[in-house]
Amino acid sequence: MTLLTIDGLKMYYRSDDGYVRAADDINLELERGQTLGLVGESGSGKTTIARSVIRLLPDNAEVIDGSIDFDGTEITELSERALRKQIRWQEVSMIPQNAMNSFDPVYTVGQQIVQVIRYHEDGVSKKEAKDRGRRLFGELGIDPDRVDDYPHQFSGGMAQRAMIALALCLEPKLILADEPTTALDVVIQDRILETITGMQEEINSAMILITHDISVVSETSDRIAVCYGGRIVEQADAETIITNPRHPYTLGLRNAFPDIGDTDTDLVSIPGTPPELVDPGEGCRFAPRCPFAVDECWDVTPQPEEFDDGHIVECHRADEADELRERAEQKETWEEVRERPSQPQGAGGRR
Amino acid sequence: MSLDTPSESTAAQAEGGTESIDRRKLRWRRRLNALRSWGSLLKEDRLGQIGLAILAFFILVGIFARPITVEIGPVWSQVQPFSLAPHGYTDRVATEGLHGPTWAHPFGTTDLGRDVLSQVIIGTRATLIVGTIAAFMAVFIGANVGIVSAYYGGWVDDVLMRITDIVYGVPFLPFAIALVFILGATLVNVIVAIVLILWRGTARVVRSQVLSHKQRPYVESARAIGASDFRIMYVQIMPNVLPLISLYAAFAVAWAVIAEASLSFLGLGPQGMISWGEIIYDVRSAGALREAWWWVFPPGIAIMLFVMSVFFIGRSLEKVVNPDLRHGK
Amino acid sequence: MRSNSRRSFLRSVGVAGAIGSASLAGCFGIDEGDDEEVGEEVPEIQFVYPTSGANPDRSELGGLIADNMEEIGFEVDRQELDFDPHVDQTVGNHDFDVSLLGWGGTPERIDPHIFLMDMHHSDFTGEGGRNTPGYENPDYDELAEAQAQEVDEEARRDIVFEAQAMLAEDQPRCYIANEGGDHPYNSERLESVNPTLGEGLNGFWNFMLAEPADDVDQVTFGYSSDIISLNPMQDLATPDRQFIRLIYDQLYRFGEEGEPIPWLAEDDPEIDEDGTTFTVQIREGHSFHDGEEVTIDDVLFSYELFAEYSPTYSVYLDPIEEMETDGNEITFHLSEPDATFTRNALAQIYIFPEHIWSEIDDPTQQDDEEYIGSGPFQFQAWEREVEMQLTSFDDHFEPPVMDTLIRVPGDEDALMDQIEAHEIDMLGNDPTPTQADRMDEDPDIGLATFEAIGHAKLAYNMRRDHMDDVHIRRAISYCVPKEAFIEDIRGGMGTVTHSPIAPVLEDWHNPDVMEFTEDLDAAREELEEGEYVWDGDDQLHYPAE
Amino acid sequence: MGLREYVVRRILQLVLTLWALVTLLFVLFRMVPGDPTTRFVMEYPTDAERQARIEELGLNEPLYVQYLEYMGQLLRGEFGDSTHYREPVSQLIFPLFMNTVVLMFTALLIAYTIGILFGAAMGWLRGSRFERGGIVAVLMARSSPEFWVGIILVWLFVFQFGLFPRSGIGGYGGELTMNFVDRYVNFDFLRHLFLPALTGAIVYLATPALLMRNTMLEVLKADFVEMKKAEGLPERTVLYKHAARNSVLPLVTVAAIATGAAMGGSVIIETVFNWPGVGREMVASVSRNDYPVAMAAFLLMGTSVIVMNFVADLAYLYLDPRVKYE
């Protein structure tokens, strides 16, 4: 059963130079209990897309078009109050990248858990709320007595677990995990990720896992969407994205991380910088960095095209995927892009 | 904002004395940068613009308030013949004293039949004189103490900073009151009393900023090529702390004007001239506060506007010094 | 202040409009100044007068006088000083040519003695002495001494008149005006007040007789400074005396007309024929605030105490050779006749309880925190700068009308506001003309008008050569706009005078002395008479040799 | 430098500063033209008596002797006798000092409470019309000298509306007590306190408001503010319970410094409202050449400044978030 449907969403930021098209023509679906991996570089729009679900966006963000249907509720038309009271944390919670900084330093973790429980659930006493926090701490492998500690008394990994406790305390239907392990030690990363998915299954909530690291989502997600330049350039079930990607950007991403695909290939990063999102004009946004770009790519914006069941790609050469995949594994292919005379870019800095 | 451009200056220094013109250019560019960045900020800063406009207005009023005559021995020349104030501030223009605004006297008259408008116009001068001279001297002393203290460090720093601490322990207004009362209420004493305290703030902030500049490569390379201490302090470092100094100068003007007004209000203002604070003192000693609103409001509002204009300018200068304060996404 | 303003008070009215346009005319110029047939320039006149902070009215007057002096050819060095430095520089150090100061008047000064003796006799010319001008005239000294010893009133009056005439001609001082005034009170809360000569509502008889309205049980009285001390063994300021005499009694009090009337004494003193023996009988059955009876021993003790310790009053007791008591009688034997003994000694020495003050080692320190006296008011409580509380002493033979008296010190302008806001009931200070106008229109506020015996005056420093010339002094006296001072600056409060003894003291004031009012032509004539000349710039010079 | 060493050094510095203040005071007040007997010059018929008074006051001694005696006196905790009132200065000055402390503390309490809330709101609504207007209003208040604010308030609340008493600290005729509660905790006193305290509050409001706004802008960039919004907490909770709560720490030190400075700034307010405090007494005693009182008043105000600066430094040590939270 579908929990979340994003349909044709255009979420732009106003700026002095015009709209920044942070999320452009987004279409996504998420089933209950499922995990969606949202992969992309920084500035690709993945965070904007995820946060649109709870409208946790800067003041200058504006929904230009499209809809977000969460469990039958139209998010874009919801009042601030209703959004706060019914959606945020009650239905959709969040695990941020940096747990340490995401706790208010002047209150204990327990106080912050109690605060959010008591705000959203009527008639819960402080003690009950705190007990729930202690139970969660226990389940997450933290000494329950530490609910009375201040955030700065926790280590990084512990703080992240405490944050998970906070995220789960209302048993939400959806968890937005925004790079939840990036700030952590590699050794702890996996354990935290396991903890998250374990708990997620236990309370049967869905999750959007945002990361720039495709290897993270490959293991935990049911479905993966790849973002580039404010658009979702390719989405499919996890298996398909890993084994049979069709978009050159996905190919490039795959190369950038060692554990996927052939282990003996060299690590190759995608040369160039993410595109300018103010008034990007016609043409594929990846074209300037794409080793396979042809004239059509520069002039015509590719439209989503469905291949196998649910495998949607925005690329003019998606049907040549098999050939491109082979070439993409060669380091030289990407090096060429670097030497190519760069296409003129818009003036001014990025947002 | 590029207040410090170490690479430029290092390069210039490295070339030695032969390319002095280029070097000077760079130096000036560096100095002007701060000013220019303030200028460009000001374009978007409404408060800064309003502040400048009000200040300019008061300066013009001050200059043209009364004719200025310069006397050297028996020779005198009138350098500024214009008189904005219709009357002298002690002229009795009405026979019956205290009277509200009329066409002839838009701000009314005092209990002794003097024209309030003229007094307020002429009072601008005292404010300008005390404000600018006291602030300039205070900032001059403060900046030098700060630079010398930070640059030489060691016992020089210790001594100067202890003195600064001590001055920080002196309550401003009571000190000024005592000093002016003891030495006499003259313009010079009022300014001295203000300056003796006011320099402390500038000294502290300039010192801490110079301390950070002292570590930068451009200072080290200047030292390496044998530049004198004086040169490094005043040619190399000074331009970089200039925006900060000008910010403190703006605040110093504000505090000096408020202090002068407060002293005048207590009857300790500079004698031989009228100031806004003194006008209010006159209202009070005439016992006319209750009804003579036309007499007490104009000087009060003038003080407020003047100080406010300086604060507005200070705020926009502050954005040059501390870019984090700028709005913007 | 205002030293560079070119202003003549009367002229500038109406003419001022032209000044602005005139100033546009000139651009460059050279002051001319060559002269023939004149001697040395008359030295610059060092004129000391109050700042507007110390005394706004007199400060304004000082400016006008200086303007006039410049007008007739003097060069003037204007020195505006606050009260203390002013007194110190002029009375203390004699560093002045002309000084504008006042002289307070209290009932003790209703007798002409201080004005004629202390202020003009050559014994008092030292630094700090009251003869500030340094006036030394043997003829005058004789008159001053004679009036003090003349016990016969008529004869004494003749001497006093003659002395005044001499002072007016010699002009060691220019007497300007008696600055009488109006003290405001709340006419809703007070049925009546009783201002007295020279003191207004500060007067003893005001506190005694002021009548509160029916439901008013306490009267608040404001004054612009706090009491320094209630101990008369210390130096006293006038406001202190005004409250000490409420708490302590004397043998005689100054009555409402300024004449000594029997108080603790049963009757007028018996004076023997040569005027050297004074006998006083005291009232019986009167007690101190603590219930102890007032005895003749207390009286004797007090006179001895004051003779030994009081810096102010001991001089009045100097003539006493011996005192003796008998029953309820005390007799004073004087070394020489003294016409002022009743006023100065009998009416000013307070009677202290011996049973308390004999225990005190150093009477100049205040150790009696209860301030036990026998006066019509009883001390209750006192917090400095806040308030002093007195209540009526109901066992007194003449208790005051009011029950409770609260004395509130404060800044004058705030006190004036407070009386208008009905926060206090009466005030011992003069309102400014502006405030007086306002209070005049306020139906709830009354103004108690009174005449002054003190005055504003110029002192000329006759120790300096150029000031030792009577023509110079008279010429400057002609520069003083006495009328304008009263009418325009003081809004009509006060009276113009030409003599040290106020016109209101009809018994002593000589109305027919030489008068000096603002008259610049007369001033020039006076100078011509002294053979002074003017140069091309109208500057005053001594005649050519 | 360890914490202990720092504190010790800071205390030594405190002592040095106090000594310098005392010395400065001594020098300053020996520059006065004239002497304390001036006031009574008319009461002294002879030079000798005046001289006796000067000797009594010890003003004939060489300066260094006077200086040493003054220092010794202070070390014994005495201020000497008032030359005007002839009584121990301490007896005179402490009730006045208490009045000043009560007045300025109230003023600062109001200023910091309102300033912090207002500044937090300005920071929260950055870029809004409210913020811009708020800044102008706050600067306007700060640009007005205390006497001007006081005069406006008197004009409005006393002359026009007649709502509050004009001056003083209480109605007259009540019990004169030094007991803190009896003296200050009553309706009549509070009525008298209102206008002068409000005057101070208006003038002192700017510092906490502007500073709060600036730290708010910093704090609002912190992740936890975003997080608290994500938790769905109401805006007011996020603003005041979290963002403002974090921004307020640096203000504690500023408040300490301001408290010290306010004791000196009370002069004008006390003069306008006839408040029997130490500042007004200083002006009065200076003008009557009563050195001991003027010096004691000055010293109390200066000591407040120095001690509160010291407290501010220590508070900073304990409150610096980097020390505490990282």
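Note that the chains take the letters A, B, C and D in the order they are written out, and that residue 1 is the start of every chain.
We adopt the following convention: a residue touches a chain if its C-beta (ideal position, glycine included) is under 8 Å from a C-beta of that chain, and two chains touch if they have at least 3 such contacts.
Not measured: the values here are computed from a predicted model.
What's the overlap between the neighbours of chain C and those of chain D?
Touches both chain C and chain D: B.
Of all chains present, which has the mean Cα position farthest from that of chain C?
Using the mean of the C-alpha atoms as each chain's centre, the farthest one from chain C is A.
Determine the chain that sits nearest the middle of the structure, using the mean of its CA atoms as its centre.
Ranked by how close its C-alpha centre lies to the overall one, first comes D.
Using CA atom averages as chain centres, what separation in Å is found between chain B and chain D?
Chain centres of chain B and chain D, defined by C-alpha means, are spaced 25 Å apart.
Approximately how many whole Å separate the CA-defined centres of chain A and chain C?
93
Just the number, please: Cα centre separation of chain B and chain C in whole Å.
Their C-alpha centroids are separated by 47 Å.
Go ahead and note the Å separation of the Cα centroids belonging to chain A and chain D.
Chain centres of chain A and chain D, defined by C-alpha means, are spaced 55 Å apart.
Taking each residue of chain B in turn, which ones touch at least two of the other chains?
181, 289-290
Return the residues of chain A touching two or more other chains; collapse runs of consecutive numbers into ranges.
none
For chain D, write out the residues touching at least two other chains, lowest number first.
Counting only residues that touch two or more other chains, chain D contributes 33, 154, 159, 271, 287.
Residues of chain C touching chain D in their complex?
82-85, 87-89, 91-92, 118, 124, 126-130, 218, 220, 228-229, 231, 234-237, 311-312, 315, 365-366, 381-387, 389, 404, 406, 408, 410-411, 414-415, 417-418, 421, 423-424
What part of chain D is in contact with chain B in the complex they form?
The contact residues of chain D facing chain B are 13, 16-18, 20-21, 24, 28-29, 31-33, 126-127, 132, 135-136, 139-140, 142-148, 151-152, 154-155, 159, 214, 217-218, 261, 263-265, 267-268, 271, 279, 282-283, 286-287, 294, 297-298, 301-302, 304-306, 309.
In the complex of these two chains, what residues of chain D are touching chain A?
Going through chain D, the ones touching chain A are 222-224, 226-234, 237, 242, 245-246, 321, 324-326.
Given the complex with chain B, which residues does chain C contribute to the contact?
1-7, 9, 12-13, 16-17, 19-20, 23-24, 26-33, 51-53, 56, 60, 63, 80, 82, 413, 416-417, 420, 431-435, 437-438, 489
Show me the residue ranges of chain B that touch chain D in the complex, using the header's touch definition.
47, 162, 165-166, 168-175, 177-179, 181-183, 254, 258, 261-262, 265-266, 277, 280, 289-290, 293, 296, 300, 303-308, 311-312, 315, 324-325, 327
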